[in-house]
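Read through the structure below, which is laid out as structure tokens, and then see the notes.
Labels for the chains are A, B, C and D, by order of writing; each one numbers its residues from 1.
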Amino acid sequence: MGAEGLAFRAPFAFVTFLVLNQLAPGQDMLHTLMQQALNALQQGSIYALIALGYCLVYGVLLLINFAHGDIFMVGAYVAFFIASMAMGKYGLLPAGIPKWAVLAATVPLTMLLTSGVGVLIERVAYRPLRLKGANRLYVVITALMMGIILEYGNLSILGANRLSFPSLMPRMIFEPFGARITITELSAIVTCFAVFALLQWIVTKTKLGMAMQAVSYDKFAVPLMGIPLDAVIVFTFFLGSSLAGLAGLLYALNFPVLDPFMGAMVGWKAFVAAVVGGIGDIRGAFVGGFLMAFLEVAVVAASDYVPFIKPEMRDLVSFSALLIILTIKPTGIFGKPKTTKI
Amino acid sequence: MGTRITVPAALCALLAILVAMTQKDILGQYGVTFLCSMGIYVILSASLNLVNGYMGEFSCGHAGFMAVGAYASSIAGVFLFVPDKVFGHPWLPMSMSIVAFPFILAIGFAAAALAGLVVAIPSFKTRGDYLAVITLAAGYIVKSAIENIEAVGGPRGFMGMSKVVQGMDTIAELPWMLIWIFLSVTFTIWILRRFVYSTYGKGIMAIHQDEIAAEIMSVNTNKMKLIAFMLSSGLAGLAGGLYAYLISFVNPSSFTILRSTECLVMVYLGGMGSLTGSVLSAVAFTIMLEFLKPLEQLKWVVIPLVLILLMQFRPEGIMGNRELSDVFPKLKRFYRFK
Amino acid sequence: MALLEIKELTQRFGGLIAVNDFSMSLQGHELNALIGPNGAGKTTVFNLVSGFYQPSSGSITINGVNTRGMKPHQVTALGVARTFQNIRLWNDMTVLDNIRVSQHYRLGYSLMDSLLRTRRYADREAAIERTAMELLEFLGMKELANEYPPNLSYGTQRKVEIARALSTKPRLLLLDEPAAGLPSSDVVELIKLIGWIHKEFDLAIWMIEHQMTVVMSLCQEIKVIDFGATIAGGPPEDIRNNPTVIKAYLGDEAI
Amino acid sequence: MKKLLVALLVAALAIPAVAFGADTIKIGFNIPLTGDQPKVGEMSKDAAEMLQEKINGAGGLDVGGKKYKLEFVYVDNEAKPESAVNAALKLIEGDKVLAMVGPQASARAIPAAEIANNNKTVMVSAWSTNPKTTLDRPYVFRACFLDDFQGPVAAKFASGELKAKTAGVLYDVASDYPKGLAEEFKKSFETINGPKSVVAFETFTTKDVDFKAQLTKIIEAKPDVLFVPQYYNEVPLIIKQARDLGYKGPVLGSDSWGSAELMNLCGDDCKGQYFVTHYAAAGAKGATKEFIDAFTAKFKDTPDDVAALTWDATGMVLAAIQKMGALSNDLAKDRTALRDAMSTMRDYAGITGKMSFDGKTGDPVKCAVIVKINDKGEFAFHESVCP
């Protein structure tokens, strides 16, 4: 069976696995399983959204944009300020604008502004190096540095106080099969799937998408083909960063505590997810994100039933699993092995 | 032949001066600790350069190997010299610690080198960014594993190493850690120089520049990768051991991804495939870390900015892949090149 | 005992059969060629012989040793060296270092020797350097020793690559399109060089080449493959007017 | 090798040669102004500056009839162990401080304490709860109670006041403070309510924000109370997610909840919950109230427990200095004298309660306060538990 299959089956595998391990699967048991599956799905959607951003940029430039996690953080902050402004916080707008309107305004603005940040970084930090033909690892390091600058820049401007994100959605809870899911969680999942579909379409069907693939295939031939290289790259960063913005917003809706370092950890994990999925491939990032989440949740959930597995070992087990996947499949789940022509 | 002894002589002189300065209180404990951490950074960046610079892989789990070394040597030391509720009564008298210390460090080296296998073996098949993630995962695994081992205190950390250092003071009141770190730095540079300049070690650069050609031109690539990763992580372990005894306390949170990031930055700042570069950048980096403290938060905006600008102007790092002796050919008169 | 013995060699990539039931043998001092239209599977044969691929079926024996399961560096140690269609020199190493490193399998000292700089290390390094310099001198490239490949002309790079291959002390030298991309003047040069190498060194040369001038003026025997299958073999003049060969190259309407 | 020499010179110059002023007293602060918990550093610094102004405003510290001006030196330890050590040495050697306050978190406090003790300099950590910090270190003290006191207090309150027969615990396994406390709580709760009465003991890792997987398990186990010994930035998320998942029972917290930020972040979810801490902000009286009002007025920010504890830690040091009677200008002698004065401190009336040292350990004997978050979102005094 293909590794794709493996990735898709992982969740079901672990659900059935739990059922089998439970001697008498009662009603509660099933509820819990359902709940855990939902938890993983929701956590995965966040990972996947960020991973998609990594993947887009990588797919085009073969650049690991380590600043992405922090652009995501910027996104959350941007969303915060737009939302608070729209709710009349700074007196620029009258208070009492209905929340749905605020949300409707926040989404596009956040994406737009955040993508601005991303494009700016590309322009001032990455492009000069690229033009100088520096080793790509130097661009990677620059990206790392950019991330740190964003974190501490934020810290020194806004101070150490964490921000509490306003709730832009009613506190509505659905109860499918006895499991519970809030509307914010649901929206995160739905958005993630929608974005994935959209990107798939852009990359495979549209001219720009083709151009993006062309750039990643051969950076030097592309200009000769009359494709505006820089334009494509800028578009890529625009797309990737606006995704980070969207992810930041959804994240903030679900986890309404913002601090300058919120992007770091989730960013690293999303990056790992993207690579395990087969970096450069949209499907890879998507599947990888969910795989990561399902692994993490599985360890916690399974710890009661499997000997030697303690919930404390979550990172240990999940990362070991990913390591093994990469050892068996050296180019990730969707990555196609590079055939070197001799 | 004079060129043989100039460098050793110079080093001995320098060490003598350092020790003298501490005895005369020109150089206080603070200065000593500062130099020590600088030395540890030098070891870290030089050792990582072997993999990231000379072999051209992107390992970002160096902190993990450092952690293994730190814990291994700490446990060894405590096991031998310190009464501990987990590791029982000391086996040797305090005064022996000075004799045992090299072996304690060696244990750290060995343990970390073994841990290096976790990355080395996948590297046979997995390369590039995928290998990068394997190293990243390895780092997380080590940290998470230590957090789960109660015997070494889990997240509460592990201590008692100070006793071992005090044991040395019973022989003579000298800045022992400074001496050990000085020797270790020398050892690291010495071993790496000799390795990368031998035709044997050049196999690693061959892998970097064209793995297929290397393999077909009779370089046993898997073996070379194994050596590179184990040597690199081993030296990281050495640095870890020294760190543990310098701080006399280890806990998992000092070996996070951030520490690995620092190592990466130093390697690329110095230049891939330049030991001189690694040393330079490590020194520069530690100095920046210490002397920009007054800036508080802004320090971490300034340092990255400086580095980014540096890379804009020198996209190949401070030294590129050149060494001191390439920049000042005259120096070759004073020490043996290659 | 034959130097190289290939029996019913077959290589499949998924559905595609790159090499089909290919057999041949070299006694030890031939200068033969393997020709065929693009995508005929010539390079695949070389990759199989140099151990870069594992054959799907069939056997390759070098001096009576079956190379199945061997890694390329082991095969090289058996005395098989090769050059590449598109030059694969180590560009950040001097010409001298290129030729040094390619002697890796017979350095004759261990890691420890290199770290401790033992007497053995010193002797062997000296020997390796000597061999390298001698080889360069022999090929009239002594003054290039400390040049970096990218600074050299394409033709010279080819020459260096051949020198690097020779430095592994091969019994069998595989040349993959040595004349590819060379100006005609250099081609004449190259023909001379190959012939001279074949005369001076005790080895067999087996080359893939498209330029018939090279093949015709040098080779004793020529094997022609198309779609992985052997379609003809024999001395140059036979091949030159063999209808199947012409058909393979030019298609039916040529006749 | 040249570089080492250069570095050496730089380092040698780096050590500020500060003379030990005759009529000033220097106290060093080894606090995380940067790193991953800058808020802690900020709060500590604010509290210290306030105290300094207060004393110097009154003409200085009166030691045996002689007024001394206070000079506070703040060094950033970047929340890194090695920087904490450097900072400690810098303060002790370079700045020649009489005593050092901080580092706050145990991971930094333990190595720094080693330095302080070896250099025979008094160090007071405000909120390091790890036993190792003061263990066999006569010169090291702390201003907060330990896990093995707080844990039982929480357990007793849970099973008494909250009538809990079973409890669930969610804590950060990678951070030593919550881990220690969670284990202490488990131990004493199970001694009260019998083995296995802690029905769920779940963990996560620092910087996690999604606790649903763990909470789902906890809720499945149906505990009467949920104990969350976590920091104020994690608590809001934990409680919100617990409620979303349908948990209706009470949530019990620890002193790490005690920050004004908690309510900004948590909102209504936290109202009606209890937590164990050092002092109650709302309805506070006397010195405590003064402190809170002054702090809020000065920094537009309600002080959290770090601020309060730093205030007390520093206050204790100053009290001990006064107790010494007089300062000889021999630093080593004064430091030792200060140590003796500290270790015999009795009933120091701090804003976080009375503190005493028994002369043997550096751990204070002090009372804990249980606070209820009332409907106005204030931390209201509920009861006080003493050892």
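One rule holds for everything that comes next: contacts are C-beta pairs under 8 Å (C-beta built on N, C-alpha and C of every residue); 3 or more make two chains touch, one makes a residue touch a chain.
As the structure is a prediction and not an experimental result, all values here were calculated from the model.
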Legend entry - Other chains in touch with both chain B and chain D: A
Inset, instruction - Could you compare the number of C-beta pairs in contact for A-B with that for A-D and name the larger? - result: A-B
Inset, instruction - Using mean C-alpha positions as chain centres, tell me how far chain A is from chain B in Å, no decimals. - result: 34
Legend entry - Computed distance of Cα centres, chain D from chain C, in Å: 73
Legend entry - Distance between chain centroids, defined by C-alpha means - chain A, chain D (Å): 36
Inset, instruction - Just give me the whole-number Å value for how far the CA centre of chain B lies from that of chain C. - result: 43
Legend entry - For chain A, residues that touch 2 or more chains besides their own: 152, 155, 312, 314-315, 342
Legend entry - Overlap residues in chain B, where contacts from two or more other chains coincide: 144, 147-148, 212, 296-297, 299-300
Inset, instruction - Hunt down the residues of chain D that sit against at least two other chains at once, touch-wise. - result: 34, 38, 173, 205
Legend entry - chain A to chain B touching residues, read off their complex: 58, 64, 125, 128-129, 132-135, 137-138, 140-142, 144-146, 148-149, 151-153, 155-156, 268, 271-272, 275-276, 279, 310, 312-316, 319-320, 322-323, 326-327, 330-332, 335, 340, 342
Inset, instruction - Would you mind writing out the residues of chain B in touch with chain A in their complex? - result: 52, 58, 118, 121-122, 125-127, 129-130, 132-134, 136-138, 140-141, 143-145, 147-148, 212, 257, 261, 264-265, 268-269, 272, 296-301, 303-305, 307-308, 311-312, 315-317
Legend entry - Contact set on chain D toward chain A in their complex: 34, 36, 38-39, 41-42, 173, 202-205, 207-210, 212-214, 216-217, 220, 233, 236-237, 240, 244-246, 261, 264-267, 301
Legend entry - Partner chain D, residues of chain B touching it in the complex: 7, 10-11, 14, 18, 21, 26-31, 33-35, 37-38, 144, 147-148, 154-157, 159, 162, 185, 243, 246-249, 251-254, 279-280, 283, 286-287, 290-291, 293, 296-297, 299-300
Legend entry - chain A - residues contacting chain D, complex: 28, 32, 35-36, 39-40, 42-43, 46, 152, 155, 159-162, 164, 173, 180, 182, 255-257, 259, 261-262, 264-266, 296-297, 300-301, 304, 311-312, 314-315
